[in-house]
Structure formats: structure tokens, C-alpha cells
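Look for subunit A in each of the two complexes below; its partner is subunit B in the first and subunit C in the second.
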Partner chain A sequence: MRQLSAGDRFGFGWRPELAAGILAHLDRVDVVELIAEDHFGAGRTALRALRTLSAQLPVLLHGVALGLASTVPVETRRLDRMARLIEAIGPESWSEHLAFTRGGGVEIGHLAAPPRSAASVEGACRNLDAARRITGSLPSVENIATLIDPPASTMGEAAWIDAIIRGSGALLLLDLHNLYANAVNFGQDPRQLLRRLPLDRVGMVHLSGGHWIEGPMGARRLLDDHIHDVPPEVFELLTELGRLAPQPLTIIIERDGHYPGFAHLLAQLDAARAALALGRQAAAA
Partner chain B sequence: MSSPALEAFLARLYAEEAALARFLDDPDAVLAASGLDPAERAALGVIDRAGLVMAAHSFAAKRSGRAKPRPAGRVRRALATLFR
Partner chain C sequence: MNPFDLPGPEFLALYSIFCLAVTIGHRVLRALSESRVVPRLPLDDPYQIAWLRGGAREVVRIAVLSLVDRHYLEVLGTKLVRRVASGVKQPRQRLERAIYALAENPAEAEDIYADASIRAVCAGYQRQLAQAGLMPDADLLRKRRFLYAIALALVLGPASAKMALALARGHWNIAFLGIAAIIANYILWRQFQQERTYLGEAALSDLRLLFSRRRRRAKPLLRRKMTGDEMLRSAVLGPDDQPATDGSGWWLFNMLWNSDSGGGSGSSGCGSSSSTTSCSSGSSSCGSGGSSCGGGGGGCGGCGS
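Up next, the complex of A and B:
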């Protein structure tokens, strides 16, 4: 894999709807992130195109289904598939989520927060070591959003993430909207939650948006949906991160639907640059 | 407190509508028959019920979205067009 370049970088999650806009604005887009599972079945021609893309600008690979934060060992065949894709595309690095996605033969179909406990820390570290051995590189790991306070947890979110990051040696892909959603959904201060995370280990950042949903018993929670703009509160967290974490960061805006014009997304990217720069300036003052 | 059995139990609640309905209707009976250890059963007895329902609905919506034509084909077509 290519070495990480110095300096903060800004880009988008690669989606077919955004491809033309990204390629027309390579002067303003530093990096793109591909969803790995979108390309597991790709033929030689498509893989060649992806390798061509990775020669044009840095490409990051992002897995969404390995389910590494589990007490169950990740299946070797799933890691083999990831390893083959990494070999074919040549991304700069890859990442996965701190989630479990299946259990007892049942596929949940999305990212679920496991019980936050010493056992799931140990399982995640074991699975991350297997991922490193089989793919040849350790993935960064991303904090996930959850609508349910994970049952049977014995650790807080920040302590749990910190234990996995320290135990595995992985970098943290910090999703600031996930952090924000979990904080507001479960009565925490987002800035305090941010400060309790291992910020010295953050290499990448995800930004996205969401909307409030109503549930039973009068419950109201913020759903991370990737189809809304990045809210001001999340840009403020990026500024705070820029103030507290001096290392170079790669910032990715994720958008999975309700696509606005590309100029609007570029404005969001500019807002991210401005927010991070504000934090950098505050740290230097 | 976390185990493969607990993850399997949660996966069923999150992904199987009937299992969720049974649990919400009579959690004590479902937990008594679950085979989970006492600490796990106690933790699930005070589960965030509103969050459980909202999470299960969200997962169902995700699975439903996946049942539509996979985006991979659209991704490949876009790439093929761009790099032809």
C-alpha cells in the first residue's frame, strides 16, 4: 500500500451518483473512499478501472460487513475476500466498523453495537489481529451509531473504544456524526465524549448527517442516515478535534442518498476545511 | 459480559420480527428459555425497550434496501463509462 501523505486531506465516499462530480473536481477532492462490499463481485475490467482510479487520487477501502467487534472469530473466507480486493485495487489503507453484524447464523443486515465489555474488547482485538495477518495490514476502526443503548454493557463507549484501540494498535476512524448521535441519544455531552476518546490515534474522520425519529414510549432519537447535510454541531466537533489532535487527518463526507447538486457537496467540503482550520488555528494560538 | 450466545440472542431480536414480538410480549419467559447465564438475563431484563424497537426497525429498513438491485452494478457501470 502507498504511504500516507502529510497534511490534512478532504474527500468523499465514492458513489456512482457522485463519480462524475468527483472526477470533474480533482483539484478540490483529495481522496475518495470506496465501500469494499460494492466491489467484491467485480470482474477484471471493473477492478482495472478501480486501480486506474487509485492511480489518479488516493483511494481508501471501507468495509461494512466483517463484524469485527464480536466475541465470535471473524470468518477467514471474509478476510480472504477483503485481502483479494486490497490486492486488486491497491488502496492506501482500509477500515472497518466496531460492530457485530451477525450471530448464531442470523444476519442483522447492518452494523449493531455489541455489549461493551472486556469480552468484546478481547474479541475485537483478536479479530483485528486476524485481519492484519490475512490482509497484510491492520484496518482503522470506526465508532458506530446506535439507536439502542447496547444491552449487557459494562463499559462506557469511550473506554470501550480506547481499550480496543490500545489493545489492537489500530488507528481510529472517528465518525463525528455517530459520536454526536450517540451522545445526544443517551444523554451525554458530545464534546466531553470526544475528549474521552483516544484522539492521538485518530487518522481519519467521517462526516455525515441524520434526522430525528420517533419511537415507542415517547422516545425520540437521532438516526445517522447519510442522506442529510452535515449539521453545524458536527462541524463544531471537527473544529474541536482539530484543536486537540495535531496529527494530519483525512476527512471524508459520506452521502448515500437524496443527493444535492455537486456544488452543494463541495460547499460542505469547504465547510469541513474551514472547521478544521479553525481548530488548527486555535491550537496554534 | 458478552458471549457468542448473547450476540446470537441479540441478532435474533434485531433481525427476526417474531422473536422481537415474543420478547416484548413476555421477556421473562423468553429469557428463562434462552440458555443465557444469569447476569446476561438480568441485563436483558432491563433492556432499552424503545431503543430495541427503533433499532430493529432501522435494521429491517436496511435489509429491505439491500433487497433492491445492488448498487455494485451501478458502481461498475459508472466506472466503466468514466474509464472507457
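Up next, the complex of A and C:
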């Protein structure tokens, strides 16, 4: 018998390709997450459509380009656009990555891991405070995957995330595949890495998949690509999280391409439900 | 200055502006009375959404295609017949059961549209949509008639008075004024006849937009892959008009899509008894008033063009 917390919710990242599947299965999909930048230029009609979507089920916003984890101040105009979108759609909450996306006036076009240092912690907290002031709410922040160990780092990933979470007061959006990929790519135990994170501050979880690529000097690297199924190891981490974090969690499966039939995605969602329930049961035992 | 004393061309210009203001006012007042925030939609029932988009014709079309896709029915010649032996299994959905029951004896398209039990189920869709404010109910239709009557009086009154004056003064050049009055009346009539409420138009337009990255119609249904999401996609965008590879495809599309075969005109659709605007016409499945057709070329599935 499944035993989820009352507030545990399960959903998908909103993609138009998945729209019919999500809307046809509102009995099984509790929540969707919109990529904020996809809608920054939305007109009145498009925004109304998003409000209609939010009338069908809870909507969360997810930013991908603010670049909050940086010593460079976040651009006010980007926060203004986020604030306008939040105002227009009325999402439950919003989130961003602990990454930098530009430097020296150059757009990287990618979520890059900054040096894990006291300076980047301070910069991230400052940027998060600016985000809170301008948008009216503090975003949750997501750990990112990286294929290189950020140079000039003086802190481990878990300690760095913990420092930002504690310093800013933000909740952690824990991407378990990112965590898993970083752990296996840099020779760490994913469960150990999970336990070192501020699990009491986790509010949301991302699940996704990836594939192995050839890294430097023949080393293999796990690339988080969002176009593969969630691997069993990530579901196991979700079970562990369910055991260690008793608070209600919102679980989002991210899929950005190579879309299978929606029944397959629903099966992944059910697997997530089962994995979390297993952890909840273990905690209750 | 009395506007009725203006010379013909000046009066015509003034009257045209007045008519424009009346039609805009009529539209705005209707929009105000019929619009609100789009509520939770009946997305768990694709047939309601299909009704919202195209009326009975669309509902029956999608239901038949779904039943054929799921091997309940098959096409023999120009008739639909049961594929599954009676009593083995029945579709669960009420409309599908009604169509399945009808196909116990080989049924033509006209039989499906004319069947009383199917009409009764379809009327239920309209009631549910009216309760949700997406289609006009009796009360709203009364309001529409009231507004239309006022607008019509505003448009025809001055034109009639001016024509009477002109004729009394021996002027016979009233044709342009008459044409202007007829055009204004036609626009008001089209607004009055709009099948969906403004809320219904908004809901359908929003759904199309939410699906909009798929800038094409839904996938062909006759591929034995009729899932809930394909049903909803078909309900919102219209089934793909590409014929399926099996032999039944062309027949179904010809039979159910073709307005000559009984489904195209509102008069033959089901649920027509409930209101003047209940059943779709071939043109109205594209949204009367022309406001909702489109969706990147994929939206107006109901035209069958």
C-alpha cells in the first residue's frame, strides 16, 4: 500500500508536445512546471492561455537564464520580466538554477557551474535577495549538473549548496539526476552526496534521464540530457530522499525530447510515486 | 442641427460611423456579459471539448473514429458494422455505447446523426457546456436577443426615418443607405448567432494555443493507438484528415467529413432541439464570427477542407 505524504505531488515539465497527455490525465498529473523564458515575450492571448492552464492544475515557473549563482549582479531587466510573468500567470512558486549563464558580457547559452567559493555564495545570496525584492517571492534554487569540476573551487558541492540555502533562506529544488550525474562523474557515492545536502529545505525534486558520453582521456561522463527515461538509480535516490525528508515534496519529471507515448511517461510518474512511497514507508517503520 | 436634415452623402457617412459604434458596442456588451476567467474545463471528457469546437458533427465523428480505431466497429461498403460480437464487450462511454448499439444493424452515416439516443447524449454535452458558461444557456440567449433587438432598433431606426424623409421630399437615392443598414444588420446577426459564448471561444482558443507547437492536426486516429491524449488532441484540433492506411480510412473521412452525408449541416446533427445555436453548421465548426479558426493552420479541424 502506498503511503505518500498528504502534500506530495507529481507532475511534468510542461512542453507543448505533452500538452494533450497532461491535460487528458489530470487525475494523475498534479502539477506542471513551465519554463519561464519560453513565455517572456508572450502576448495577451498567450498569457491568457497560460492562466487557463493554471485554472486546470497548479503551475510552477522555472527559470533557466537568470544566472543567479554568480558574483556578477543579476540583470534587473531579466528579473523585471520574471516579475511580470509571475504577475500575469500567478504560479504557485518559481525556481532558478544555481548556475551562471553569462560573464564579461558574453552569453554562454548554457547553465555553467561557478567556482564553489565563499565569493560565489555571497554573490548568489545577493542575487537571490534581489530576485525576492523585484518579483516579490524568493525562488527555489536547483543544483545543476556539470561535466567539469568547477576550477578555483574551495568548497564541495554539498557544502556550497548548503551555504547558499542557509544564507538566502531559499528552498532547494533538488535535481536528483544532476546529483547522480555529478556523483558518478566525480567518483562520489550519490547517497552520501544526497545526505550531505540540506534535505530539510527540499521542497521540489526534478527527475530526468541522461546518457553516457566519452569524456577526456577515455573517462566516461554521464550527461544530463532530459531525453531519456529516469534511471533506476535516480528512483532509488528518490526513495532515500523520501526516507530522510518527511516534508511534502513536489516531484517533476523533465522530458525535453525523444518523447515516448504518454502512457510510458505516466508509468515513469507512477514509478516516482512508488519510489517516494517506499521511502515514506521506510521512514514510518 | 438636425442630422436628418444633412445631405445624403454626409448623412451616410455619419450613419456609417454610428453603425460601427453600435456593432462595436453590441460586441463589447456581449463580451462583458459572457466573459470571465476560464474555469476548470471538462478535459476528462474529450467529447465535450469536441462539441465545443464543432457541435454534434465533431462529437460523432470522433466517437466513430475512436470506435473503429479500437476495433469495436468496422466499415463494410458504406456502412458501419460491429466488429466485436454482441455481448462480448461494450464500450464504456455513453455516446460510444449508443453508436455501438446502433451498429448492431449496419448503419449509414445518416442513421448515426439521426438516431434519437445519440441525439439525447449529444444534448447532454450541450447542457454541461452551458452550465460551465462555455455555450449559451436559455438565460444567456434571452440576454443576447434583448441586446440584439436594441442594437437592431438603433441601426434600423435612423435609416428608416431618413429614408421616409427622403422619399417624402422626393429623393429616391436611398440605395446606399439601405445597403449600409443591411450590412450593419448582417454583422449584428452574425454576432448574435455566435454558437459559443465569449468564454467558450476563449477556452477553445486557449487550448489550441497550449497545443500550438504541434502545428498540425492530430495524428490519424485509425492506427490502433487511440489513447486519452490522442482523443483530447483530436477534440481540440480536429482529427487528422490524412486517410489511414487501412481501407476504412477514406470511407470514414468521406462519410463523416462530407457535409452532404448528413453531418455537415446543423439541421441533421443531434441536439438540435435545445436551442437555436446548438448544432454546428459546417462553417460554424470554424467558429462563427471567424474569431477562433486557425491555430497555426491546425486549429480548424472541423471544416473538412
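Throughout what follows, the second predicted complex is superposed on the first by the 278 of 285 C-alpha atoms of A that agree within 3 Å, B and C clash if a C-alpha of one lies under 4 Å from a C-alpha of the other, contacts with A are read in each partner's own complex, and residues count from 1 in each chain.
Keep this in mind: contacts are C-beta pairs under 8 Å (C-beta built on N, C-alpha and C of every residue); 3 or more make two chains touch, one makes a residue touch a chain.
No experiment lies behind these values; they were computed from the predicted model shown.
In the overlay built on the shared chain, the residue A:A285 is in contact with neither subunit B nor subunit C.
Once the two complexes are laid over each other on the shared chain, residue contacts for A:A46 go to subunit B and to subunit C alike. With both structures placed on the common chain, the touch criterion links A:A24 to subunit C but leaves subunit B unconnected.
Once chain A of one complex is fitted onto chain A of the other, the partner contacts of A:F262 are limited to subunit C, with no touch recorded for subunit B. Once the two complexes are laid over each other on the shared chain, residue contacts for A:A55 go to subunit C alone; subunit B is not touched. When the two complexes are overlaid on their common chain A, residue A:S117 makes contact with subunit B while staying clear of subunit C.
When the two complexes are overlaid, the chain among subunit B and subunit C that reaches more residues of subunit A is B. In the superposed model, A:P16 lies in contact with both subunit B and subunit C. Of the two partner chains placed around the shared chain by superposition, subunit B is the only one that A:E107 touches, whereas subunit C remains out of contact. Once the two complexes are overlaid on chain A, the subunit A residues touched by subunit B in the first and by subunit C in the second are 15-16, 19-20, 23, 45-46, 48-49, 52-53. Across the complex, subunit C is touched by residues 15-17, 19-21, 23-27, 45-46, 48-49, 51-53, 55-56, 261-263 of subunit A. Within the complex, the subunit C residues that touch subunit A are 37-41, 43-44, 46, 202-203, 205-207, 209-214, 225, 227-233, 236.
On the side of subunit B, the complex with subunit A involves touching residues 1-12, 14-16, 39-40, 43-44, 47-55, 58-60, 62-63, 66, 70-72, 74-80, 82-83. Those residues of subunit A whose C-beta lies close enough to touch subunit B in the complex are 14-16, 19-20, 23, 37-43, 45-46, 48-50, 52-53, 70-72, 100, 102-110, 112, 114-115, 117, 119-120, 123, 146-149, 151-154, 185, 213, 215-219, 221, 223.
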